[in-house]
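Naming follows writing order (A, B and C), and every chain is counted from residue 1.
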Amino acid sequence: MGGNTGSRFNDDVVIEASGLKRTFGEVVAVEGIDLAVTRGEVFGFLGPNGAGKSTTVRMLTTLLRPTGGTARIDGHDVQKSAAAVRRIIGVALQDASIDPLMTGNELMRLQAVLHGISRSESRNRGAELLARVGLAGAAGRRVATYSGGMRRRLDLALSLVHEPSILFLDEPSAGLDPTSRLALWEEVRRLNSELGTTVFLTTQYLEEADELAGRIAIIDHGRLVREGSPADLKSTVGSPTLRVDVDPVFLESARQVLIGFGPERPAREGRCAIGLDGGAGRVAEVVRALDDAGVTVSHLELDLPSLDDVFADATGRRLEGAEK
Amino acid sequence: MSVATVDHSTNLGYAGRVASAICGRGMRRIMARPTLIMPVLLMPLIFVLSFTGAFGSLTRVEGYGTDNVFNWMAVYAAMQGAVFAGVGGASTTAEDIENGFFDRLLLTPGSRAPILVGTMAYSALRSTIPTTGVLLVSALGGLRLPGGLLTLVTVYVATAGMAAAFCLLGLAVVYRFRTMRSMILIQVCGFSLMFLSTGQVPIHFMNGWLHTVARVNPVTNVLRFARQGFLGDLTWSMTWPGLVALGAMVAVAGALAVHQLRRLAA
Amino acid sequence: MTCSPTQPAAASRGPKSEPSAVSAGARTGLRLAGVQTLALTRRSVVSEWRQLGNVIPGIVFPLLLAAVYTHQFTRVILLPGFPVVDSFLDFVLPASLVQSVSFGATESGTELARDIENGFFDRLRASPCTRLPLLLGRLGGAVVVATAKGVLIIAIFLLFGTEIAGGPAAAVVLVAAAVLLVIAIGGLGQVLAILTGSQEAVNATFPLVFTSIFMSSAFFPTNLMSGWFREVAEANPVTWIIDPVRRLILEGWSWSDVGQALVVPLVISVVTVTMAVVALNRKLSSS
């Protein structure tokens, strides 16, 4: 688990949103989003594709006008003081925002100029940042020659040029290979612990949210459905999930037995799942009860709650693909 | 918490640096991919060659003001090229929107005005390429300057202004529709506007609806301003309407562009 | 049985050149080719119609040009050496027609390039289609659209007072000449499509076609041009088509003019379509 929970924790709320809403014509992409992210936090925004994560990020970073609600970044309203907001945030979006015709160095220099960094300072910072993301060798080449992973890394470096106190990362490890993903996580942790950067990251990967975020908000179909630290969220789901595979003939009787031990949970075909009240110790009872009912069990497994369970509990669907 | 940054809201020097960085980026892209500028350069050259070739005997008609068809057509071709260059400047933004780089530019701290100004400046600078090309080719064809070297100044001013105006118009369209394909709309508008003016014949050659359209068309004034040195001396009475027309076109197009940009993002 | 790529080549018909089935095979083969051409033509027309956005400029633009020039050139038609006309409109009719049909002429080429680019062509190839219909079908679409445009343009000009001295027959010749020109340009576009497989390359021919119409006698009589430009214009095949057609409109019927107006584009079409077929055969047999 990540997040800065040390004593440097200020009570400043640096990202706050109230009733944030965005519609595109008839479609309501995001509605009723309330957020409060404190300084120095790593905040995770977790949800499937199309949930409204990117839309929310774009509204918070002044790239999109909200159709309702308000948001403030470090006290500045995103609509009324947009220019001031942009001064203090760094943003790396889902599609790397780069120009393929320019070289890495040229992009760095342009970014530095856009943020009012002096020429000499920009030379040093640019080189340092490019080296940190492992692009020192490729910096002189046109970005069109970069791989997808290299482009994301460049994008991250660009977002850090002005040492922003608040960093927005929209699906930062989408499309990255495992090594690069780990390197990214390292970098995010370092930015947060060494520099105290507040990080707002969106992701559809449970592991990423679990690993990096001190607090998570789960978003589905444009609405917030759960919020809290990973530990707290998992404990609300509470009980471990018990999954039992049976022959279709016995499915209904198995179900009848199992729901006596806890609430039903989503499961795939031919399988029945419940949240086992009272914990793993009751497995023996369950097996005996199934046996008494004449149900033949082909497979049984017990899983501790995961964020996927939290999501399933909140929305009735699983986040990472098919039902288990 | 940010280091080494300046106060963006009041620093004019900062705005100027941003604008020139955007302009410089545009020019550097042309050098990175010279094929970008080829159509902009070739089209007006083909224009001036085919129009002076096909309509060469137009100037035999009484009332043209010159017997040298290049003296008449060169400015027209150069301004068509400038429109093309202006739209091309907006096309760069269209490409940026399509590949996501525009978000980076939108995240510029402070006002976004320098980005508009920089793009406009890039278009105006870009237009010097076709203008110079047309003037050189026309010189080979016998172009003369009765109004002296100041004539060249008026031509470059007019073409830079046209490029700026059509860049801003193109930006307004691109901010609204966010695709490359929407540029064709402006291309066609620009060509038609130029066509429905005194590009090819003097105004007293026209009658009916065309005469009316050409009279109210601001491009007619700009053509008169830029062409005067090729037909005779430069006078203030032919200059100021052209400058007003250019200023008005840039102002209106600029307002449209700013409005659409505000609608696009906060 | 139409030549649809969604039907797998289950009953694969052998090549038409099976000696044992020559007479009967040739007859059915020809009939089949005809049906296939018709089906592909229909597909091509539908596709062109869907791109109405392409068709509209092809009508509006030449008409705008004609209208503006007519108003601008009221004194120009009085120049000595200019053919005798009541209005520039009479002069420019063939030009507007040629310009209008040229707007869609490269479409068959870009369509073919697009099919090649996205692999549809490979599917067509695997189907029991014979070679020629693949090209002719596409051109068929262009022909239909060009005829429609031609008729519309002539109708509009007639509405605005143009008279065709050669009568309705001359109007037919005018449309026919334009259609043949479309086939010629279309064939050229298809050759490019087969050789380069790129839509962009084929699209680049449109400005060339557009310019070559200006560098002809379309908008101004060649006898009033001078210098190198006049030589270029007089050597331009577009001039060889537009001059006799214009005489049919302004002066009246003449078999020699009809002959020239039709033979020139016909010869060019035969050449470019043959080139396209040859290129196609080479491409298909090489893989």
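Throughout what follows, a contact is a pair of C-beta atoms (placed from the backbone, for glycine too) under 8 Å apart; a residue touches a chain by one contact, two chains touch by 3 or more.
Note that the structure is predicted; figures quoted are calculated from it, not measured.
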(message) Can you give me the shortest step count from subunit A to subunit C, moving only between touching chains?
(response) 2
(message) Suppose chain centres are the mean of their C-alpha atoms. Which chain sits farthest from subunit A?
(response) C
(request) Using mean Cα positions, find the chain sitting nearest the overall protein centre. (result) B
(request) Sort the chain pairs by how many C-beta pairs are in contact and tell me the top one. (result) A-B
(message) Could you work out how far the Cα centre of subunit A sits from that of subunit C, in whole Å?
(response) 57
(message) Need the CA-centroid distance for the pair subunit B / subunit C, whole Å please.
(response) 35
(message) Averaging over Cα atoms per chain, report the distance between subunit A and subunit B in Å.
(response) 47
(message) Looking at the complex, which residues from subunit B come into contact with subunit A?
(response) 1-6, 8-9, 11, 14, 17-18, 21, 25, 28-29, 32-33, 96, 99-111, 263, 265-266
(message) Under the definition above, what is the set of subunit B residues touching subunit C in their complex?
(response) 43, 46, 49-58, 60-63, 188, 192, 195-196, 200-201, 205-211
(request) Could you pull out which subunit C residues touch subunit B in their complex? (result) 57, 64-65, 67-68, 71-76, 78-79, 81, 207, 211, 214-215, 219-220, 224-230, 232-233
(request) Would you tell me which residues of subunit A are touching subunit B in their complex? (result) 61-65, 78-79, 82-83, 86-89, 91, 93, 95-102, 106, 110-111, 113-118, 121, 125, 142, 158, 162-165, 196
